[in-house]
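Take a look at this one; I'll ask things after.
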Amino acid sequence: MAESLTSASEKAGLPPGSLVHVGEVPELATRITVVDYSVAAFEEKIIESVEDILAYRDTDSMTWVNIEGLIDVDLIEAIGRHFNIHPLVLEDILNTHQRPKFEEHDSYLYLVMKSLSSKDEVLSVNYEQVSILVLHNFVFTFKEKQDDIFEHVKHQLKNSKGRFRSQGSDYLAYVILDSIVDMYFPLQDALDEVIESVEEDLLANPSAPTLALIQRIKRELISIRRSVSPIRDLLNGVLRCESPLIKDGTKLYLRDVHDHALRVTEAIDSHRDIVTGLLDIYISSISNKMNEVMKVLTVFASIFIPLTFIVGIYGMNFEYMPELKWRWAYPALWVGFIVIPVVLLVYFRRKKWL
Amino acid sequence: MAESLTSASEKAGLPPGSLVHVGEVPELATRITVVDYSVAAFEEKIIESVEDILAYRDTDSMTWVNIEGLIDVDLIEAIGRHFNIHPLVLEDILNTHQRPKFEEHDSYLYLVMKSLSSKDEVLSVNYEQVSILVLHNFVFTFKEKQDDIFEHVKHQLKNSKGRFRSQGSDYLAYVILDSIVDMYFPLQDALDEVIESVEEDLLANPSAPTLALIQRIKRELISIRRSVSPIRDLLNGVLRCESPLIKDGTKLYLRDVHDHALRVTEAIDSHRDIVTGLLDIYISSISNKMNEVMKVLTVFASIFIPLTFIVGIYGMNFEYMPELKWRWAYPALWVGFIVIPVVLLVYFRRKKWL
Amino acid sequence: MAESLTSASEKAGLPPGSLVHVGEVPELATRITVVDYSVAAFEEKIIESVEDILAYRDTDSMTWVNIEGLIDVDLIEAIGRHFNIHPLVLEDILNTHQRPKFEEHDSYLYLVMKSLSSKDEVLSVNYEQVSILVLHNFVFTFKEKQDDIFEHVKHQLKNSKGRFRSQGSDYLAYVILDSIVDMYFPLQDALDEVIESVEEDLLANPSAPTLALIQRIKRELISIRRSVSPIRDLLNGVLRCESPLIKDGTKLYLRDVHDHALRVTEAIDSHRDIVTGLLDIYISSISNKMNEVMKVLTVFASIFIPLTFIVGIYGMNFEYMPELKWRWAYPALWVGFIVIPVVLLVYFRRKKWL
Amino acid sequence: MAESLTSASEKAGLPPGSLVHVGEVPELATRITVVDYSVAAFEEKIIESVEDILAYRDTDSMTWVNIEGLIDVDLIEAIGRHFNIHPLVLEDILNTHQRPKFEEHDSYLYLVMKSLSSKDEVLSVNYEQVSILVLHNFVFTFKEKQDDIFEHVKHQLKNSKGRFRSQGSDYLAYVILDSIVDMYFPLQDALDEVIESVEEDLLANPSAPTLALIQRIKRELISIRRSVSPIRDLLNGVLRCESPLIKDGTKLYLRDVHDHALRVTEAIDSHRDIVTGLLDIYISSISNKMNEVMKVLTVFASIFIPLTFIVGIYGMNFEYMPELKWRWAYPALWVGFIVIPVVLLVYFRRKKWL
Amino acid sequence: MAESLTSASEKAGLPPGSLVHVGEVPELATRITVVDYSVAAFEEKIIESVEDILAYRDTDSMTWVNIEGLIDVDLIEAIGRHFNIHPLVLEDILNTHQRPKFEEHDSYLYLVMKSLSSKDEVLSVNYEQVSILVLHNFVFTFKEKQDDIFEHVKHQLKNSKGRFRSQGSDYLAYVILDSIVDMYFPLQDALDEVIESVEEDLLANPSAPTLALIQRIKRELISIRRSVSPIRDLLNGVLRCESPLIKDGTKLYLRDVHDHALRVTEAIDSHRDIVTGLLDIYISSISNKMNEVMKVLTVFASIFIPLTFIVGIYGMNFEYMPELKWRWAYPALWVGFIVIPVVLLVYFRRKKWL
C-alpha cells in the first residue's frame, strides 16, 4: 500500500517541540534492546527503563540501543534529557512522516530514513521510519515496530569480532545504513517481475484489472521514490560533514552506500520510465483489439447486407416481375450468393482487412 | 476555486509606489488587534488607530499587531511613516497578488506568503495573502480578511509563558510561519482523498463529469503549487540572511519549517504526477468500455445478419423454388437457426471476444 | 498572430555591422520626441533632426529621446556617431528580431526587449521591439511604430515633479521597463479568459474549430514565452551590473520589476501546463461522445436485428409451415415483439450501457 | 535526409591518431584555395600542393587556406607536420562525424562545426562538417565538398578593404563562424513553412502521408538540433578562452554570434514543442472524423432498422392477420414511415448528433 | 536482452567487504593472460597462479594482466593482498552489477564500466562488466567471460612498437577505455537500423508484434543508457584527477574518448526521443486504419439499408397496395435502386469519406 502522501495534519496547530507520536502503526508496547560490545566482549539484552541505558553511558565500550515502538513518549523525552538531544529532533523521531534527512548537531548526528520491505504479496510494500542518533561510542536507533530488519547487523557484530567491533559509532551507523539500503534491492527485483508480467498481459490480453494494476504500480513507485531518493542527499550530507564523529576511514564505506543508493534511484527512474509507457501500450493494444473486432463486423455486414437486399427484391409482391417466372432465375441467384462474397473477401484480403 | 493567475492588471499604469489596494476580497472594515507580552504579562486588545500602536513602540515588551482587512490605505501609509517602511513594501502589502518572497531591509524583514485553507466543500480552496513585518520587538501581520487562522498562535502565547514569551520577534515570526505552513497539510490530505475517489470512479465508470473534475483538480494543483513552492526559496532566504533580527537559535526552528515546506512541495509534485496520469486512464477506460460495447454489437450483428439473409431467401417469390415444397425443409432450417449461432458463439469465445 | 520564429534570414550574408532595417512593420515615417526635465522644468516636443538632439547633450537636465519608426537608418547612424555607440548595438537596434538582452558598455547601457499588447480581438498579440540606451542624464528609446505605450510614463513625469524628476537616467529607464512589464499582465488575463472558455467548450461540445483554437493558443504561448522569459535574465544582468550609471537606490525598484517578470513567466508556464492538457481532454471528450453514439447504435441494432430475423422467418413461403395456420400465432408474436426489447433494455441498463 | 546518428563505427578498432577519412560524401578531388590579404593587397588563387602554402607562412600578410575535399590524407598530414598540429586534431578533421567543439592548443585554436543548408526540396537538409584552424596570421578551413558557402566571406574581404582587412586571424574566423551560423536562419524559415502547412493539413484532412511527414520533420529536427545546439557551448568556450590569438575587440563580435546561436537553438526548441503536439492533433483530428462517420452510420441505421422491422411484420404469411385486410392500413403505415424518421431526427439533433 | 535493473539483492545482508562473486554469467574457468612489453620487447602468455604475476611486479617493463572469469574469489583476494587493493574495490570487481564509476586511491586508480556488444540477432545486447586497475607500470583488467574484445588492443601493442610501447600504464588504460567506448558505435548503428525498419512497418501496417518490438527496443535503450551515460562522469573524474599516475599528455587523449562518450550518449537520447514517439505513431496509424474500415462499413450500410427497407415495403402482404398492380412500378424501382446509391456515393465523396 502506497504510504499516505502527507498526513502530518494530525499534529497541525500544536506548539513546536510538542512531543506527540504521529503515525499509522497501531499502538504497540515499546521494546528496548541494548547491544554493548568491544573487541573482547559482546552482550545483548532487553531492558525496561531509561535508567538501564544510563549504566552504559560512561563506559568505554560501544553501545547500541535499539528502541522499537514509538508510543512511549516519556521514554523518548527522558533519553532527550539525559543525552542532551534537541527537542525538535525528539519531535522528528516521534513523527513518522519525516522526509529522509541528515542533521549535524554539536555532540551528535541525527539521521532519519525509511526502511522498505515487501511482504508476501508483491505490491504490498511496508514502510517503516528509522531514526539513528550517532553519539560518541553510542548509537540509538528508533523504529516504529518490532521486526527483524536489524538481525543481520547484530549477527555480524556477534560473529566477526575483528574489524567490526574495534570500530566506533560511525562504523556501526554505516552498517545499519547499509543494511537498510540493501533492503531496497529485493524490492526492486520484485517490482521488476510484476512490471514484466503486466507487460506481457498488456500485449496479449489488455483488460480493466490490468489497468488498475498499472495505476497501483505507478502510485507505489511514486511513493517508493519519495522514500528513497532523498537518501542520496542524506549521504552526501554525511560525506561532506566534518564532525569528528565520522572518521575518514568510514567515509570510504559510506561512499559505497552512496553508490548503492544511486543505483537504486536509477532503477526506480527506469521503472517509472517503463511504467509511464505501459498506459500507452494499453491504449495501443485495446485499439488493436477493437480494430480486429471492427474488421469482423465490417466483413460480415458488408457481405450479407447486399445479399439480403437482393433476396428482398425477389420477395416483393409486384404483379409484373418477369424474373419470378424464369426457370433458372433461382439457381442463377444462388450462383450470385456464392460469387459476390468470394469477390468481396478477395477484395478485403487485398486491402489487408482480413 | 483556483486563484486568478495574474490579475495585477488592475494596477498597470500607475506610478511605482502608489498605495492602492489590489485584491478580490470584498471590501471589509479593517480590524487591528494588538497582542503585547513579556514573560510576566500578556495583553490582547482591539484598537482603532495608528496612534494606539505607537504607544507600544518604545516599550521593552514584545508587540504583535495583526491587521485584518487591507482597504484602509491611510492606515498602512501611517504605519509606513511611523515605522520607516519603504513605499515599495507598503505597495506589496496592499497588492494581494504577490509571489511569496522574503526581503531583508536595514531595520526590518519583510515576508509575504499565502495561507491556504479548504472550506466545507473539498475543492474550494481559500487563498489569503499574509504579509509579515519583523522589527525589533515588534511584529506586524497584514491579512486580507478577518478569520481565525492565528487563533492557535495567540492561544500558545497566552498559555505557555515559559520559553515562547521570553523569545524575540524572530521566534514569533517563526511560529506564525509554522502555523501557515502547517495549514497546507490538511489541504493535501483532502486532495489525496478526492484524487483517490476520482481514480476509483475512473476505473469503474468513466463519465463526462469525472473528466471535468480531473481538469478542476489539475487547475487547483497548479494554483496551489504557485502559492506553495516559492516558500522554500523564501525560507532559504531567511536561513541565509545575516540580519541581527534573526538569532541563530531560531534558525534551527526555521530549518524545521523548511523541511515541512519541502514535504508539502514534494507531495504536490506527487499529486501532479498522479493527476497527469488520470486522463490517460480515463481514455484507456473509455476505450475499454467502447470495446465491450463493440463486441456486443458485433456478436449480435454477426449472428443475426446471416440468418436474416437465409430467411430472406425463402421469402422470395420465384415460381421454381423446389425447396419450398419439401416436407422437412422448414424444420431443417430451424436446426440451422440453432446450430449456426452456437458455432459462431463458440468461435467468438475462442477469439476472446465474449 | 504568433511572431515569426526566426526570420533574420533576410539579412544573412551581409557583413557584420551593416546598418539595415530588418523587420515586418510596414515602412512609416520616423517621429522623434524629446522630453527634457528637471525638478523645476518639463518640456516635451517633437523634433526633426539629430542636430536638435545634440542641443540637449551637454545640459544638466535629464533628456529622454523617443524614436518611433526604424526606417531612417541615417538617423540611427548619426546618433551612434555623436553619442559614441558601438556599430553592433546600432545593428541590433535596427534588427527587430532580437532576443531580449542587456549589454553593459563603457559609457552606456543597452537593453532590448519586446512590448506585447493585445488588440481588440483576443488572440491577436502585437509584438514591438523596444531598445533602450541609458547614458549619463540621457535615455534613448527606439520603437518600431508610433503608438501610445509610453503615454503613462510621460504623464507621470509631467505631473509628479517631486521624486521622479529629481532622479537620473537609471530611474527613468526603470519606469520605462516597469511600464513594459506591466503591459504583460492584461495580456495574461486575456489568455486566462480564452483558455477558460475553450475548456468549457471542450467538455460540453468538442469540435474541429476548438481543436484549431487550442493549437493557435499553444503557438501564441510559445511565442509570448520566447519574448517574455529572457526578461528575467535581462533584469538579473542589470541588478548584477556594477556600472555607475545604475544607483543602488534604483536597484530596489528594479528588483520589484524582476519580481513582476517572475510572476509573468510563472503565469505563462501555468498556462502552458493547462493548454498541454487540453488536447488530452479533447480526445477524452470525443471518445466519450463516440461511446455515447456507439451505445445508441448498439442498442438499436441489438433490439431490432433479432426481431427482424423473426418476422423474416414467417415471411418465408414454405408450403409446410404449421404456425402460419395457427389462430393465435400472430398475436403471440406481438407479445414477443414487446417482451424481447424490454428484456434486452433491462439487461443493457444493468450493464450501464444506457 | 537526417544525418546518421553515429556511424563512426567504420573506424572502430583502429589505433588512436590513425589518419583515415571517415565520411559519407563520395570521394572527390581536393581543391586548395589560398586567399592572401593585407589592407593594401588582395590575392586569391587555387594551388596544388602543401609547398605552395608554405610560401605564405612567414609573410606578414593574413592568409586563409580553404581546403575542400578530405580524401587527400597525405595533404592533411603534411599540413599537420609543417604547422605543428596535434595528430588527434588531424584525426578529428578527417572524421566527419564530430560533435561541434572548440579546443585551445598552445599555438593554435581548433573549431569544428556543421554547416547546414537546405536544397531545392524543403526537408532535404545538407550537412557539411567545417573545421577551422586559427593560427597567428593564418586560418585553415577544411570542408567536405566544393560548394560556395564561403563566397560571401571572400566577397566581403575583396571589397571592404578598410576594417576587415586590417584585422587578424581571429576576426576572419569570426566572419566565417558568423556566415555559418547565419545559414541556419533560412533553414529555420523553411521549417517554419513546412510545419505550418502540415498543421493546416492536419486539421482539414488528416491522412497517412501527413503522419509520415510529421515523423520525418521530427527526425530532421532531432538531427538539426544535434548539429546546432553544441555551438552555444563552442562559442562560450571561445569567449572564455584567454589565448592571445583572440583579441578583446573581437570577443564583442563573437558575443553577437553567440546571441544568434542562442536564437537558433530557441527556435529549434519551439519547433520541437510544436511538432511534438502535432501527433496529438492528428489523433484528435482522426477521432473527430471517425466520430462524424459514426454519427452518420448510427443515424442511418437507427432510422431504417426499425422501419425495416415494421415492413417485415406485414410481409409475414400468417393466415390470421386482420390488419392486412384493412383499407387504410397501407397508407397509415406510410404516415408512420414519415413520422418515425422525423421524430428520430429531431431527437438526434437535440442530442447534438447531427 | 535488457540487463536486470538491480539484482544485487543476492548479496543483501552480507557484511561489507565480503568477497563473493555476484553475477549472471554461468561459472567458467578463470583465464589469466599476461602481456609484458617495453619498446624493445613484447611477450604474451597465459599463466596459472598469482605467483606468476608477482614475477612481473618489480620489473621496469609495462605489464598488463587480463583476468577473464570472476569465479576464482581466492585469486582476486590474493591480488588484493599482494598489490594492496582496498577490500571494497575487490568487492566491486566481483559484483558485476556496478554502476560505471571512477575511484582514485593512493597508489592506484579503479575504473569499472560495461562493454556492450550485439550478437548475431540485432536486439540481443551482450553486457559485460570490465574493471580496470591502473598502478604504476601495471594494469589489471577483470572481465566476466572469455572473449576477444581486447584482441585489437593486443594487436596494436604487438605491432606498433614506437609510441604506444614507450608509454606508461595510463596510456594503456586509455587505449582499453577507447576500445570499449568504440564498441558502442556499431551497436548504435544496429539500433538505428532496427528503429528505422520499425518506423516503416508502423506507417505501412501496424500490428501487435510491432507493438511488442517497440516495447523491447524501449527497454533495451533504457538498459543501454544506464550502462553508457555514467561513462561521461567517469571520464570527467579521470580528467579532473591529479594523481601522478595520469600524465598530462594522456589527458588530451582521454578528452577525445570523452567526446566519443558524449556523442554516444547524445545518440541514445535521440533514439529515446524517436522511440518515445513511435507509440503515438502506432496509435495514430491504427486509428487511421480503423477509420478506413469504419468508412467502408458506413458506406455499405448506408447504401443498402435504405434499399432493403424499400424492397421490404413491397414485400408486404396488404390487400390494398395499388403500386403492386402498376405496370412500371418494378422497373421504376430498379431505377431508384441505381440512382439512390449513386447519389449517396457522390455525397459521401464530397464529404471526403471515400
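Brief remarks on what is shown
So that you can tell them apart, the chains are marked A, B, C, D and E in the order they are listed, and the count of residues begins at 1 in each.
Quick note on the criterion: a residue touches a chain if its C-beta (ideal position, glycine included) is under 8 Å from a C-beta of that chain, and two chains touch if they have at least 3 such contacts.
Computed from a predicted model, the values in this text were never measured in an experiment.
Chains that count as touching both subunit B and subunit E, per the definition above, are A. Counting steps between touching chains, the shortest path from subunit A to subunit E takes 1.
By the residue-number overlap criterion, the interface of subunit C with subunit D counts as different, with under half of its numbers used by both chains. The geometric centre of subunit C is 42 Å away from that of subunit E, both derived from CA atoms. Distance between subunit B and subunit C, defined via averaged C-alpha coordinates, is recorded as 26 Å. Of all residues in subunit A, those touching 2 or more other chains are 280, 283, 287, 290, 294, 297, 301, 305, 308, 312, 315-317, 321, listed in ascending order. With chains as nodes and touching pairs as edges, the resulting graph is a single ring in which every chain has exactly two contacts. Think of the chains as beads on a loop: from subunit A toward subunit B, the beads read A, B, C, D, E. Listing the residues of subunit B that touch subunit C in their complex gives 4-9, 11-13, 15-16, 86, 88, 92, 97-99, 101, 205-208, 211-212, 215, 218-219, 222-223, 226, 276, 279-280, 282-283, 286-287, 289-290, 293-294, 296-297, 300-301, 304-305, 307-308, 311-312, 314-317, 321, 323-327, 329-330, 333, 337.
The touching residues of subunit E, counted against subunit D in their complex, run 152, 156, 160, 164, 174-175, 178-179, 182-183, 185-186, 188-189, 192, 199, 203, 252-253, 256, 259-260, 262-264, 266-267, 270-271, 273-274, 277, 280-281, 283-285, 287-288, 290-291, 294-295, 297-298, 301-302, 305-306, 308-309, 312-313, 315-321, 352-353.
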